[in-house]
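Here's a structure for you.
Labels run A, B, C and D following the written order; every chain starts at residue 1.
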Amino acid sequence: MKTTYRAMQISTSGGLELVDRPTPGDEEVLIAVEACGICGADLSDIDKADRRLQPPRVPGHEVVGRIIALGSNTPSAWKLGQRVGVGRLGGHCNECNECRGRFNLCRNQPVLGSSCDGGYAEMMIARATGLVSIPDKLSSEEAAPILCAGIATFNALKKSGAEAGDTVAILGIGGLGHMALQYARKMGFRVVAVGRGDNIAEDAVKLGAHRYIDTNKENAAEALNKMGGAKAILTTIGNPDAVLVLMPALTPEGRLVVLGVGKDPLPVSTGYLVGAERGVIGSITGSPFENEKTLDFSVLAGVRPMIETMPLEQAAEAVRRMRSGEAKFRIVLTMGDQTNADQ
Amino acid sequence: MKTTYRAMQISTSGGLELVDRPTPGDEEVLIAVEACGICGADLSDIDKADRRLQPPRVPGHEVVGRIIALGSNTPSAWKLGQRVGVGRLGGHCNECNECRGRFNLCRNQPVLGSSCDGGYAEMMIARATGLVSIPDKLSSEEAAPILCAGIATFNALKKSGAEAGDTVAILGIGGLGHMALQYARKMGFRVVAVGRGDNIAEDAVKLGAHRYIDTNKENAAEALNKMGGAKAILTTIGNPDAVLVLMPALTPEGRLVVLGVGKDPLPVSTGYLVGAERGVIGSITGSPFENEKTLDFSVLAGVRPMIETMPLEQAAEAVRRMRSGEAKFRIVLTMGDQTNADQ
Amino acid sequence: MKTTYRAMQISTSGGLELVDRPTPGDEEVLIAVEACGICGADLSDIDKADRRLQPPRVPGHEVVGRIIALGSNTPSAWKLGQRVGVGRLGGHCNECNECRGRFNLCRNQPVLGSSCDGGYAEMMIARATGLVSIPDKLSSEEAAPILCAGIATFNALKKSGAEAGDTVAILGIGGLGHMALQYARKMGFRVVAVGRGDNIAEDAVKLGAHRYIDTNKENAAEALNKMGGAKAILTTIGNPDAVLVLMPALTPEGRLVVLGVGKDPLPVSTGYLVGAERGVIGSITGSPFENEKTLDFSVLAGVRPMIETMPLEQAAEAVRRMRSGEAKFRIVLTMGDQTNADQ
Amino acid sequence: MKTTYRAMQISTSGGLELVDRPTPGDEEVLIAVEACGICGADLSDIDKADRRLQPPRVPGHEVVGRIIALGSNTPSAWKLGQRVGVGRLGGHCNECNECRGRFNLCRNQPVLGSSCDGGYAEMMIARATGLVSIPDKLSSEEAAPILCAGIATFNALKKSGAEAGDTVAILGIGGLGHMALQYARKMGFRVVAVGRGDNIAEDAVKLGAHRYIDTNKENAAEALNKMGGAKAILTTIGNPDAVLVLMPALTPEGRLVVLGVGKDPLPVSTGYLVGAERGVIGSITGSPFENEKTLDFSVLAGVRPMIETMPLEQAAEAVRRMRSGEAKFRIVLTMGDQTNADQ
């Protein structure tokens, strides 16, 4: 086993650079990363990173790899060589008051790729409490995006209040949206994909949409209302303009579930809320336990992300492709050499 | 068909006078009104009324009186002389598709005081499906405001997701708010009243608030957060500025429940929603069946509106006092002569 | 249109006999029956029918046909020639107190095939409030069993508390069970069919079970517990012995959902309930509005009953085949001549 | 600080004997016990205790005291001198899979007084994860019974599905029942106490019951049904005969919530469950986090157990009084000398 490892870190100029890195402490493990998805949130992590940080931050929070070293006091469930993942939540502290019931709200939980180093790297140190067991039936590349894009959308659908047979609209068919379409279809909803342009129309239907609405061609709210309206609208887009035009399609007692954060607030009419008892709710990622449920459901129901893979060394180019919109759904970085080193 | 009939009724001088009385149609009843609360929504009903309408609209949707005539085909449960009420929803149609499960959403339901005549009157015609039975233990004056201000707040508290012991903040301590304080206290919540000025501080505590926060003196969000935050905030105020400053006091997974409609939209930050899975939901009045539950709970738990009564003839002055804020909680119009005439 | 119609009614000897019958009253419609499923409950309806009744009772509560006459005061939504169905609940009264919110609990609601005549007939009179609109994409023979076996299982799954990915076991793979398997699969559950014998093993898997457990060969509770236990167990069987052996497979906080009524009580250990907060709940059919949701979901998700059809004249033989277990899933009576007459 | 401490332990003959005991290990604390309630479950803990155990088991799971020694690695929230409690659940392991979301189901959790030593003692060693912070406004004697009798009933009421204004019947007005009456009243339910004999009638009403039904004098189910039935029945009694006679009082969609475990099963009619969608569910104690919520609600709403106190040395007599029914609601053992020693 190597005692140092290479990582792509954010340079002082804001770009990415390849460096060496050192090992796990108490209740931590060292992971040989095999795959790390590039999430939309990575872009703002990179932009917002504190450039004075030494060593600089490593992005990435859709990480899958194998445990290659166990720190002291790690639960016996985690074994050397086991394949594990880590999502956005870096592991709860088991110390604070919130950890007595609601791990997602832990006050001392690192945010992967933002307040602690993430998975754009050959190795990563992770808190044992943040670990997620990966089912054998998923490759590391497939599993990675499920750890953020998957759980975010699967949990949001569960919280949406929609029941089997209800219409659910998914706004924004990218990394999150293309997972949402699949989960929604497998959960028994009538699924409507809402996107801009016709280049993803075919994919949307293949992924599970009963119908695709191209907002360049149709008034999406009108089209949905002709179908009886949507009991839930999931928006993966934080841009208020795109959301506002779709909101009139929500049925009475329906829920707009917001997954995407934008910089401008969403102006919500009080009459819209009160008159038909509608609601606008936020949903975020979940705990490692919930992440395992998401992975299991993905295996059970045959849900897989649509991915392009690129080697770690091309992380900068991968991020550029995500930013520009050239990448359709998800790019996953792979760490081929390290994987071999581990075997 | 004639829509009125002539009757000799006993005048205030004790003599007999000839008057016209309206005739109830199919599945309708004629009510001799005894009391009608003045709701904040009456003000906008009055302002927005179509002035060309003949006869002009009668406001009022917190109506209690006695049945003095039964139209054809009314359910046998409703008897001559029975004391009944009608709230904002004028009675569902039993015809439309929504009426097969969700009466509140009936597509042909008159809105009392807005799309059909209300209770600022000695008599009122009501759809039998809109009738609410009034418990003996409530006077007509007490019962009237429960039919709108009461049910709106009682139902909103039920939908808020808060459990016994959770902190619930009530923003705006007027007609709705002063009912909300009482219900919230009797449902086992930790109740915080949030208002402007100290003239209602004492009343708020007497009505059930564990604490009153005067926004003129304190930063309400900070004060609430020191108490651990609010699991639910009920706002009876539609003014976005007042609501926005309180919103940071909502706990993770908390709900802002909007009861008051304002003309400006509420700008909701997506980060606020997503980061802690908060939600903003609307709540409105309920069905006659739910109104009876609200009345029963009011009797069970000793909840009563704080009212001033004024005779029907002074309705204009009463409305003026509501508009100016001179009336503290609720004014109820009384129809004394009519009540006598009915006996 | 004929002015009388033939029906299979229960004779004084308890058998079935073919007779003539006559027309619709206020708020009723006359239906030319096209198909009527034979439900397990029909057997006890037949056995328990009051034989002194004149005219005797007509069984059948999975009825699909066309409206051929409208009584007075029927809602305008129902048209001559429209294809409609009626399930177990014969239509609420819109008069009683329960009808102000919960139609399923109406105090004056006829029970089709038990307290009012059902669909083993060429024609049937139905309350307009009991009517269910049938989607074009379902044949009458397919739609009929959905009206009782379908809604019973679809609603039960919704009430089971299980979420997508959770394991749901279905006990008893007959008329109800074979629908439950399909719905459960399409709602995203991990589906385990539990039956006796291997003759239905293949069908069970084809219908959607991820796994079939033959209780003749395996200890079903053990097998389920090896899979992690079931979050919900639906039993379509009322026989306590069969249910009891499966109950240990319920996870903590799980629900045993009882659909089948047996004559002996189910002995439930209090330690079983308390120790892991398990529950045993009953579920029954739903309202016409819910029945339309069930039909729509069946179309959306491609759920269809597996049926054998037999002509009305062979009702007695069909019932015999149901009783003996010769019929695998569902027999549907067809009224071919009447269907032609209607066209 | 003393290095050994005295405890009442179960002797080989099944009686109680006073002995010395020794100190806290990793992630454990040593508590100087101030009060320990005697729960009904203690009686069976004593009866079922393994008499070969060395040292023998100490009963008691409603324990309040002060931390007098901190083992290694205890969370910083726990301080020397802090007043804390421990209920039935002795602290989760933070290791097993269940501990990643549902502490109540931890596979390695000691059961206080049964699988680990409890609070009939001057000192007790407790897992830090089992600790409950005690509010200043409660004396140790008052707080103790809330840790089992309190949380069991408070949580059960939350899970019952009843809403403010609904009728809730409490069967068995003893240690648990007298807490249930108070919580139920403060949560806004219509509260009916059901007991045998009239000696507790007055207490029941004083504690919060709107009505007391003496099953010696009245048919309780009939009496409840005259009031409209109960939306929830909480039974603290595990004896099937007592429960069965009350069950017909449950409304449609109502829930019988079982808190008391008996040795005989409860025979539940399937028709009872299915016909009106009733349910029978179990409820048990909760986590330390939930226990703090129960204590807070008790302070907020003024809920207190009715207790007799007896010194530790008289534990055997106290247990005898509980067994015989001489003790009305709750006996709490006090450890006066130790409390002084701690100060």
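The working rule: a residue touches a chain if its C-beta (ideal position, glycine included) is under 8 Å from a C-beta of that chain, and two chains touch if they have at least 3 such contacts.
Keep in mind it's a predicted model, so treat the numbers as computed, not measured.
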Next item on the list: Report which interface contains more C-beta contacts, comparing B-C against C-D.
Entry: C-D
Check: Counting in whole Å, what is the centre-to-centre distance of chain C and chain D, each centre being its mean C-alpha position?
Finding: 44
Margin query: Report the inter-centroid distance (CA atoms only) between chain A and chain C in whole Å.
Written below: 42
Check: On chain A, where are the residues touching two or more other chains?
Finding: none
Next item on the list: Between the chains shown, work out who touches whom and classify the graph as line, ring, star, complete or other.
Entry: complete
Notebook entry, point to check: Inside the complex, what are the residues of chain C that reach chain D?
Noted result: 102, 105, 159, 238, 240, 252, 255, 258-262, 265-284
Checklist line | Contact footprint of chain B on chain C as seen in their complex | finding: 75-77, 94-97, 100-101, 103, 287-290
Item checked: chain C-facing residues of chain A, complex -> 154, 157-158, 163-165, 183, 186-188, 190, 210, 293-294, 296-297, 300-301
